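Across the two complexes that follow, chain A remains constant while its partner is chain B and subsequently chain C.
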Partner chain A sequence: MADLPEMLAELQSVADSPKKMLAKYLAQGKKVVGCFPIYTPAELVHAAGMIPMGVWGGQVNPSVAGQYAPIFICSIMRSCLEFGMLGKYKGLSAVIMPILCDSFRGMSGAWRVGVKDIPLIALIQPQNREVDGAREFLAAEYGVVKEKLEEIAGHKISGDAIENSIAIYNSHNATLREFARAANRHLDVITPKIRHAVMKSAHFMEKAEHAAKVKDIVLKLAELPEHKWTGRKVVLTGITAEPGDLLDILAENKIAVVGDDLAQESRQFRTDIPAGQDPLDRLAGQWLSRSACSVVHEKTSARPDLVIKLAKENRADGVIICLMSFCDVEEYEYPLLAKTTAQAGLPSVCIDIDQSTENSGQARTKLQTFVEML
Partner chain B sequence: MGEQVGQKPKRELPRSRVLVAEQTAKIYRDAFAAKARGEKVGWSTAIFPQEICETLDIPVLYPENNAASISAKHLGGELIEHAEGAMQYPSRICSYARLNMALADKIQDPAYSKADPLMPSPDFLLLANNSCTQLMKWYECLSRDLGIPIFFIDCLFNYYEEKPAKHKITYIRKQIEKYIWDMEAFSGKKFDWDKFLEVQKRSQINSKLFDEIIRLNMRTPAPMSGFDFFNYMSCLVLARGKESTTVIFEQLKKEVEEHIANNTTTFPSEEKYRVHWEGIACWPNLGHNLKTLKNYNVNAVINGYVTAWNVDYEPGDLDSMASAYASSSTNSLSTNTIMNMRADTIENYNCDGMLCHVNRSCKMMTFHIFVGRHIIEERTGVPCANFDGDQSDERIYSEAQFETRLQGLVEIMQHRKEANHG
Partner chain C sequence: MFTLGIDIGSTACKAVILQDGARVEARAVVPLGTGTSGAGDVLQKVLAVKNRQIEDMERILVTGYGRFTFAGADSQKSELSCHARGVNFLFPSVRTIIDIGGQDIKAMRVNAKGFLENFVMNDKCAAGTGKFLDVMARIINVKVNDLGEIGLKATEEVNISNTCTVFAESEVISKLSAAVRIEDLVAGIHRSVAKRVASLAFRNGIVPEVAMSGGVALNKGVVALLEEEIKRNILVHEDCQLAGALGAAVLAYEELHK
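What follows is the complex of A and B.
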């Protein structure tokens, strides 16, 4: 087993350059299918023997995406389109896009004109999850995705293969949750940036491979004495907490991340695929159990409750609301989040997450003021 | 969707417009009266299956329509400010939502009377997300803040061009059925299926009638200023299933036919150019839009927004109704589908150009413009011009930019005309 810094550096490098991973899998003769945020049935890609790879944009000031995506579309979709149009995703056999919001509605059209060489497999999850029929609907929708993936893979995807992938994904979820707990005992080693890298790298690696690496990291951490963190602790909520600069600012200000409700991170790992008879029905069941996420319709204040619980359980001093620029689903939830966390005695600060700029100057000032409040 | 929008009427209003005003006033009055009697009143998204509450005789008002009316009267600014200030909503969410959530908050104070028209505070919400996903988030906020239930029809989104697949229709039909039972239980009223069939038939009559009227504007020169149609949209949103709407549309049809017979028009200057207007109107800026269009002799003879309410189905067939609600809004269809429909319209209405409202509130409508503009240009050859605006937030629209963009479009349209004739 390599030593801990090496292991962490490896995942950092995966998180920093998904392109290298794409090249690596392609060189192994594997087919790779892009998976847009936030929830796609990546298990089906996995079951087909292909590699599902997250498509989460990146820091770029769009130069061509503006042709199809107005300036007031969420920052992450603009950069995904930019990268797609510039050929940065070349090598993907297709992309799967879940229509979770208005930006996605539009992107489904923009992708088809802007990135003609990478076919789009769109799908939509049911939002009225209380109605009898939502689950069957989604299983059928996944069935259509499965057929399209079979065409790309050139062979059928068996029920057993999907069951096998489901087991791998559930076990990966458990490992990442275990990592999040272990990280909190070693906040000196697991800096905000490293925590983020371990979680983000999951999107670009085959899940069994990733789980194995994270398990090793957890084992190595267990060998270290528990660290008494004397700085501040926060919980992050939002779509993503990037760029790395932002996380560096946290570290510089002695702020540790002790929990997250980020779409790119823990929202991926907190809901397992339930047991059941039929694999597509099981995958549909996972969507029905998802909660406390801005792209899931719920009548309750599940998300603020979860954020507060996370903060209390992990003794956080405050909450950082990472508001993705022009992400309306998150914007609607902002007032409730800000108010309820305040009522729970948790100070919060809202940071604009914008992939179109490297400049974190504004965030720096806000975070410096915030840390003084804690 | 605003009431009596556009410029202050110099002439006497046509009878159909008087009827619209009366109908709208009655719907609001009835809702307030029901509320005063302790009955339940609902708020609904614009393209929700209105047939069910119509059948149960439960009053329902429509926040999008209401926000449009308030904005057209320049009364929206203060509410938007309240949403962004005290209520902490980011300024980037849809301005209808900002305006309405602020209104919902304000009317909790019985003394509040500034907005016009006012709505009674709702006891339940009717949500269909066919127009967009923001509606879902907006209604979640209302539901939490007011502590009232949502009746939800998730209408999905047609990301490809084919008709909604069977599993989609089944899911939506099941929701409509559940909604009927749930609403029966909630209201304590018995659902009358025979009356339901009649309401469905009436809704179809009204939709078809309006479609026929709009088509009369295919004539050159057009009998109507295209903007006039905005004045009748409240009939389709608030009263799609009511007989009073049929009366209004029959009257309107007569008026338009009279214009055709007399070779007159409601467009206030010579119609030199005909354009397709894409997107929602800028309600607070309608006066400026219309004045500028008039000055440049441009009649926006047709727009996609007024045709978005055609919920076309077979009465008595819930599957057909489910399919219709899944594909009636501009924003529930793929850009390919919508822009090919627009190209047909541009050809049928003999348009010389397309004027597109890049609406800061509405991501999906704007995406259609950006992604589908090439379909229009390739299929029809007509030029397109964009301008920035917003349906309610007055801070986005610039009079100077609108005029410059229109002027640019007119120049191209003029050159094309000269080339075609010369």
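What follows is the complex of A and C.
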């Protein structure tokens, strides 16, 4: 087993350079299918013997995406389209896009027109999840996705293969949750940037491979004496907490991340696929079980309570709301989130997250002020 | 004992020398921002007021956008913490502070001791900031410092519908082409700023009393319209522009007495 810094550096490298992972898997003769945020049935890709790879855009000031995407659309969508149009995703056999919000609705058309060499598999998760038929509808949607993936893979995807992938994904979820707990005992080693890298790298690696690496990290952490963190502790909530500069600012201000409700990170790992008889029905059941997320409709948002619980359980001093620019679902949830956390005695600060700019001056001022305020 | 607070802002540098944490000994403003000679100039200027030497200063605390690069500072704090303490020094009863600076807007809620309880800042957008007013003053060809008095002479506000600085600039140009009165146009520009700032203040919650700090607080037109928008009186101290530097000097004094 490698030493801990080496293990962490490897996952940092994966998170920083997903393109290298794409090249690696293609060189192994594997097909790779891109998975758009936030919830995609990646298990079906995995079951087909292909590699599901997260498509989360990146820091770029788009030049060509403007042909099809307005400037006031979610910056992840714009950067994904930009990278797609510029050929940065070349090698992907297809992309799966869940139409989870209005931005996705427009993006599906933009992708089809702008990125003709990478076919798009779109699917819709039912937002009214309490009605009869929601589960059956989604299982049928997943059935269509499965058929399209079978065409790409060149073979059928068996029920047993899906069951096997589901087991791997559930096990991976448990491993990442264990990592999050272990990280809190070693906040000197697991800096905000490293914590993010371990979580984010999951999107770009085959899940069993990633889980094995994270398990090794957890074992190595267990060998270290527990660290008593003297700085401030926060919980992050939002879609993503990027770029890395932002996480560096947290470290500079002696802020540790002790929990997150980020779509790119813990929201991916907190809801397991439930038990059941039919694998597609089980996958649909996972969507019906999801909660406390801005793209999941609930009569009353469970997110504020979840964030408060996360903060209290992990003794956080405050909450950083990472508000994705032009993400309407997140913008609508912000006032409730800020108000509810304040009522619970948890100070919060809102940081603007935008993939189209790397200027972090305002974030630096806000975070320094936040620490001075705590 | 003297402590020195320097606020190196985006468009101006301000400095305050405080005696024993309680009395303002000297103040200075230089209309040059971070990255220029402004920081050095304001230091010399404030020391010259009472012919002091840098060695006379027990502690120097720097704030503002240039706070990380000023050589000779003993410590630095964010401008929000400093504005909060500075306004508390000037108006102890204030619980909500609205600061309109050169490139950002801040709404802060503070407790009786001037400690921040909550704050919001504008996003990466110049709408409603001092820069917005600078741009508009240039198009209209008036001094930015005169905007306040000009706007108060309006008889009918011209509606400026765009909040974006660049689009608002185009809109103002088109209004100028339509030969509207400058006073009415300036009032419309001030209304645009007031609406933008009010929405941010509402987002943070407004608890009386309310004060404004920062250079734009000197613009009586903006203050009057902002009072209308938030439906509350706004206190403005003659040293409002110096609130950040004053707060820095107060915090420097407190650091010496920790």
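Basically, the second predicted complex is superposed on the first by the 373 of 374 C-alpha atoms of A that agree within 3 Å, B and C clash if a C-alpha of one lies under 4 Å from a C-alpha of the other, contacts with A are read in each partner's own complex, and residues count from 1 in each chain.
Following the convention adopted for this analysis, a contact is a pair of C-beta atoms (placed from the backbone, for glycine too) under 8 Å apart; a residue touches a chain by one contact, two chains touch by 3 or more.
Everything numeric here is computed off the predicted structure, so don't read it as measured data.
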Contacts of A:Ala342 with chain B and chain C, given as first, second, both or neither: second
Partner chain(s) touched by A:Gly133 [first = chain B, second = chain C, both, neither]: first
Partner chain(s) touched by A:Asn253 [first = chain B, second = chain C, both, neither]: neither
Partner chain in contact with A:Asn314 - chain B first, chain C second, else both or neither: neither
Touched chain A residues, chain B compared with chain C: B
Partner chain in contact with A:Ser291 - chain B first, chain C second, else both or neither: neither
Which of chain B and chain C A:Thr369 touches, first, second, both or neither: second
Touching partner for A:Gly361 - first (chain B), second (chain C), both, neither: second
Footprint overlap on chain A, where chain B in one structure and chain C in the other make contact: 335
In the complex with chain A, residue positions of chain C that touch it: 65, 77-81, 104, 115-121, 123-124, 203
Touch list for chain A against partner chain C, complex: 325, 335, 342, 347, 349-350, 352, 354, 357, 359, 361-362, 365-366, 368-369, 372-373
Complex interface listing, chain A residues touching chain B: 67-70, 72-73, 97, 99-103, 105-110, 112-113, 122, 124, 126-128, 131-134, 136-137, 140-141, 144, 294, 297-301, 323, 326, 328-329, 331-336, 338-339
Contacting residues of chain B [partner chain A, same complex]: 87-90, 92-94, 97, 129, 132-134, 136-138, 140-141, 143-144, 149-150, 152-154, 156-157, 159-160, 165, 167-168, 170-171, 174-175, 178, 331, 334-336, 358, 360, 363-364, 366-368, 370-372, 374
